[in-house]
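In the part that follows, the structures are each spelled out as structure tokens.
Across the two complexes that follow, chain A remains constant while its partner is chain B and subsequently chain C.
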Partner chain A sequence: MTVPAIETKELVREYRMKRSPQNPSGAPVVALDGVTLDVPQGEMFGLLGPNGAGKTTLIKVLVTLLLPTAGAARVLGLDVVGQVQQIRERISMVSGGEHSGYGILTVREQLWMFSQFYGLPSKPALARIDELLKVVGLYEERNRRTSALSTGMRQKMNLVRGLLSDPEVLFLDEPTVGLDVTAARDIRAYIKEWIRMKPGRTILLTTHYMHEAEELCDRVAIIHKGRIIAGDAPAALKLRATGGTYFLLTTETLDGISLAGLPGVQRADTRALDGRMELRLHLAEDGAIAGVVKVLADSNRRIFSLQKIEPTLEEVFVQLVGQRLEEADERKAGP
Partner chain B sequence: MEAADRLRPESAFASWWRTVRVAYWLGWQVESNWTDPLLFFIYSIARPLGGALILVFMYFVVSRGGRGDMLGFFLVGSAFWPFVIAGMMGMAWGIISDREHWKTLKYVYTSPISYRAYLVGRSLAQATSATAATAITLLFGRWVLQIPLHLSSMDIPYALVAFALGITSIMALGFVVVSAAMSISGEAWRMPEGVGAALYLICGAIFPVTVLPAVLQDLAQAIPLTWWLEAMRRGLLGAGGLRSFPWSSDLQVLAIFAAVTAVWVAGGVLVFSYAEQRARALGILDRESGY
Partner chain C sequence: MNDATPARGMLRLLRAILGRSYPRIIGANRDKSWLFYDTVLPLLGTIAFVYVYKALGAPERFVGYVIMGGATVAFWMNVMWSMAAQFYWDKQGGNLELYMVVPCGIPAILLGMSFGGFVGTVIRAIAIVAIGSLLFDVHYTVSQWPVFLLVFGVAIVGLYGLGVTFASLFLLWGREAWHMANLFMEPVFFLSGFYFPVRALGFWAGMGASLIPLTLALDAMRQLLFPGTHPPFLPLGTELGILGALAISFIVLARFLLRKMEYLARREGRLSLRF
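Then we have the complex of A and B:
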């Protein structure tokens, strides 16, 4: 029987805090609160959650950058506290949303340097670097200084760095955050291609893009305030979003019209869209849409489109957490 | 990639040495990357050389133009001191710049290398930049100040052994300094310079430690740099001349220096291991201060 790629049991990570007006008692911040996970080898596992949910902290513990406060964590059966070197030989990590890299080195020099840290012989390493740079479309930039690369290019270079040692477990911490649509799509495509080419490899992906998790992951866990509150295949998770039906409706601006109190309307999220308003409605049953349409018609609001939609991971998240992911992010970032 | 291409089997020492070499290469790329050659000249040559010459001319003023043994004493001390600052600075800077500027610390740290070897490589690269200033100061002393730095009177093997031990002791001190720098944030980069200034005073760089109060003399003897500078003077200036430890023979100086260095290396490694573990426990290893 093969050991799990990642295994955590009641993992706790606390950060000591100084006394402050926001934290007069100086109580520690609990970033991970008893996380238990089991990711088999060969799986692409997603960790979904808002900023500050504990995603990055979990990755830092698993890649041996951070010690756990309590509980246990193993990577490929190796203990993250006692078998650090053995773990490091078999894993790699790529984080998004940062400008990492020695700006004074060229792309090829940078990657060569990391290949040496992983003990790859120079000649095959350089061949491997060129091959991967071609795959991600960065070959033409190989002799360019890292400081001259765009954010998207730099992230592609970092992805190549992560793949260079052919890791058995690859940790991707928000790899597409801050990238434009095309660059993010490219990165996702390379990740999918890599996992297709290396079926035995495992990826732990943290993201707060629901569609990214749905598109890439075999299984997804939702993490909130340091706890795993649900975990399953995306399809199975979506089945949990029961107890209602979902509609997407586009209309004119609402200007004070409230739909939330209407019979059968469990939740109505609005989003401005090119001068129009997009409503994402969670209804108790299909028939409740009639009440919504009537209120809009009585208020002389044109309805541009109306469509019944399948529940998404976003709906699952809302059901479990009680707020949308963006709202959770805003609350975290707020004063 | 073929499995054979992944990790080459090698001894722990080979792996350690490979890391030192690659880190040295990286450190030198960073260190020599002055876009303006004038800046490179000012920082790597003019600044340390200027520091040494200020002392020389101060000596001339105080001694009313005299040329005693003291001149050779502090010229050699001043010539080699940039290695101390650059070596300690290079090590601390290896961590701080990776964490704050390049944002690469977590990738380097979580790669399967000895992080200590990495820091040694970064430190050696920075120390290399001190070579030019040292050489120019010594040549200036020999040809302009007429200090007796003659090949015929030098004990070259002795000086080479002392130099190698000296660099080792600077690495050991660097580990102690970098351990402290790891635990504090923003102003950590200033630390090596501050520590260097304190050591400059008590390690016999510009005057013999015999002029210090007894307590400081004892402290000076516990620091390998004091013995290093003493050994370098004995190796380069030959017999005679001013001594920090006039009661010790050349071999005794070298033996004590080696012993003190060994203690500091062991201590530096232990202190660094503790600081590293503490930083992982507190979660501050890769925490940016945004200085």
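Then we have the complex of A and C:
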């Protein structure tokens, strides 16, 4: 039986704080509050949460940059407290907005420098660098100084750096933060490609972009105030949203036509809208919409629009946390 | 083992040292501004002292003292600004946390920084000595080259060991590394006798200043460059012995502080992380 790629049990991490007007007692800040996770090898796992939720702290503990205050964490079966070196041999980390390296070096030189820290022989290291640069579309810039790179190019270079050592577990901390749409899409495309090319490799991705988590991850955990408040496949998480999938239909006034009793219709909420009627239909299965349409057509009611509405991760987040992710970010960053 | 298998142990250490020294060595070659900032400007300060000695009618060897001192200043500045303060810059840029999780470990990174810094600085120092000696027609009589190189080598090991020690200390003490580096500029220029024989300070002040390896190294090298005319602070053998002890002490202390720094970084989270 293979060991999980990542395993945490009741993981707690506190930061000691100095006394300040905001924190007069000097009480420690709890960044992780009993996090229990199990990520099997080969999975792309997402941690979704607002700024300050504990995502980055969890990654820092797992990559051995921070000690846990309590609880346990293991990466590839290795303890993050006692088997630090063995973990560092097998993982890599890339953070969003990272400005690592030295601006005086070219892209290729910078990546070569980092390859040496992993002990890679120069010739195969340079061949791997060229290959990866081609994949992320940065090969033409290989001899350009890193100080002259755009944010998107720099992040592609950082991603290549993270992959140079062919890590078994790759930690990506907000890899597309601050990137324009195209650059972010390129990064996501390459992450997907890498995991496809390297079955068995694991990625732990933190993000506060819902669509990113949904697009990339096999499973997602929602983290808020240091606690995992939900975790499942994105589709399964969405099913948990109150209301689930429903149909939104706009038609003429119903004038006594009842839809609630039709086969497959679980609930039909109506709302008057500029002389028309908006119906929100919760059905036992999608096919039941045909019966609704037939009743309306037989009653000579015109149908103006019909939409199938599926819940988003955003709605799941709002229901679990009580506010939208952006609001949670703003509250955290507020005065 | 295929040819892309990462090395471990000593081979990885050597590769990491070479990797980290590369930006320092290539940087000097790529950005030629050092020729002006690191050679011409320090030389101006050195020349000022030369004229002071000339105006006072001091013996010719004092001109040589000053040029030697000027060259040695380059090493001290490299150790302070590019070793002691380097973790601070690396922390700000996000390199420090990456360095802490790469398998070669922080000591390999520091050795690479030291080696790269040394190579770059030795070129600057040679340039200062060569230009200064040509300008003022200074002649040196090195009586014992192997001893001279031994003194220089032991002093460099001690000096960069001190740099590694300071690298951890600067990070532990506070966030404004340049203030700390500045603090160690002028007082060390004075106490280490960069521009005069350290013997002039008296025994106890000289012994205190000898905690900086350059103090005794400069005095020992001056004894070897100007045999019979330089007033020694301590006998050559004693100075070499103390320099050796300092080198070992600083390496041990640096190792201890590095471990302490790494432990605190992991425990507190404030040393390696950018908040």
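Following the convention adopted for this analysis, the second predicted complex is superposed on the first by the 268 of 335 C-alpha atoms of A that agree within 3 Å, B and C clash if a C-alpha of one lies under 4 Å from a C-alpha of the other, contacts with A are read in each partner's own complex, and residues count from 1 in each chain.
Following the convention adopted for this analysis, a contact is a pair of C-beta atoms (placed from the backbone, for glycine too) under 8 Å apart; a residue touches a chain by one contact, two chains touch by 3 or more.
Predicted model only: the values in this text are computed from it and were never measured.
Enquirer: Look at where chain B and chain C land on chain A after superposing the complexes, then choose clash or fit.
Expert: Superposition result for chain B and chain C: clash.
Enquirer: Between chain B (first) and chain C (second), which does A:Gln85 come into contact with in this model arrangement: first, second, both, or neither?
Expert: both
Enquirer: A:Leu66 in the overlay: touching chain B, chain C, both, or neither? Say first, second, both or neither.
Expert: both
Enquirer: Just to be sure I read the superposition right, which of the two partners does A:Tyr102 touch: chain B = first, chain C = second, or both, or neither?
Expert: After superposition on chain A, A:Tyr102 lies in contact with both partners, chain B and chain C.
Enquirer: Touching A:Leu120, do we find chain B (first), chain C (second), both, or neither?
Expert: Both chain B and chain C are touched by A:Leu120.
Enquirer: Do any residues of chain A touch both chain B and chain C, and if so, which are they?
Expert: Shared contact residues on chain A: 15-16, 60, 63-67, 85, 88-89, 91, 93, 95, 98-102, 104-105, 109, 113-114, 116-121, 124-125, 128, 165.
Enquirer: Give the list of chain C residues in touch with chain A in this complex.
Expert: Contact set of chain C toward chain A: 3-4, 6-8, 11-12, 15-16, 18-20, 22-23, 26-27, 30-31, 93-95, 97-105, 108-109, 265-270, 272-273.
Enquirer: Can you list the residues on chain A that touch chain C in the complex?
Expert: 15-16, 57, 60, 63-67, 85, 88-89, 91, 93, 95, 98-102, 104-105, 109, 112-121, 123-125, 128, 165
Enquirer: Can you list the residues on chain B that touch chain A in the complex?
Expert: Those in contact with chain A are residues 1-2, 5-8, 10, 15, 18-19, 22, 25-26, 29-30, 33, 102-104, 106-113, 277, 280-283, 285-286.
Enquirer: Touching residues of chain A toward chain B in the complex: what are they?
Expert: Those in contact with chain B are residues 13, 15-16, 60, 63-67, 85, 88-89, 91, 93, 95, 98-105, 109, 113-114, 116-121, 124-125, 128, 161, 165-166.
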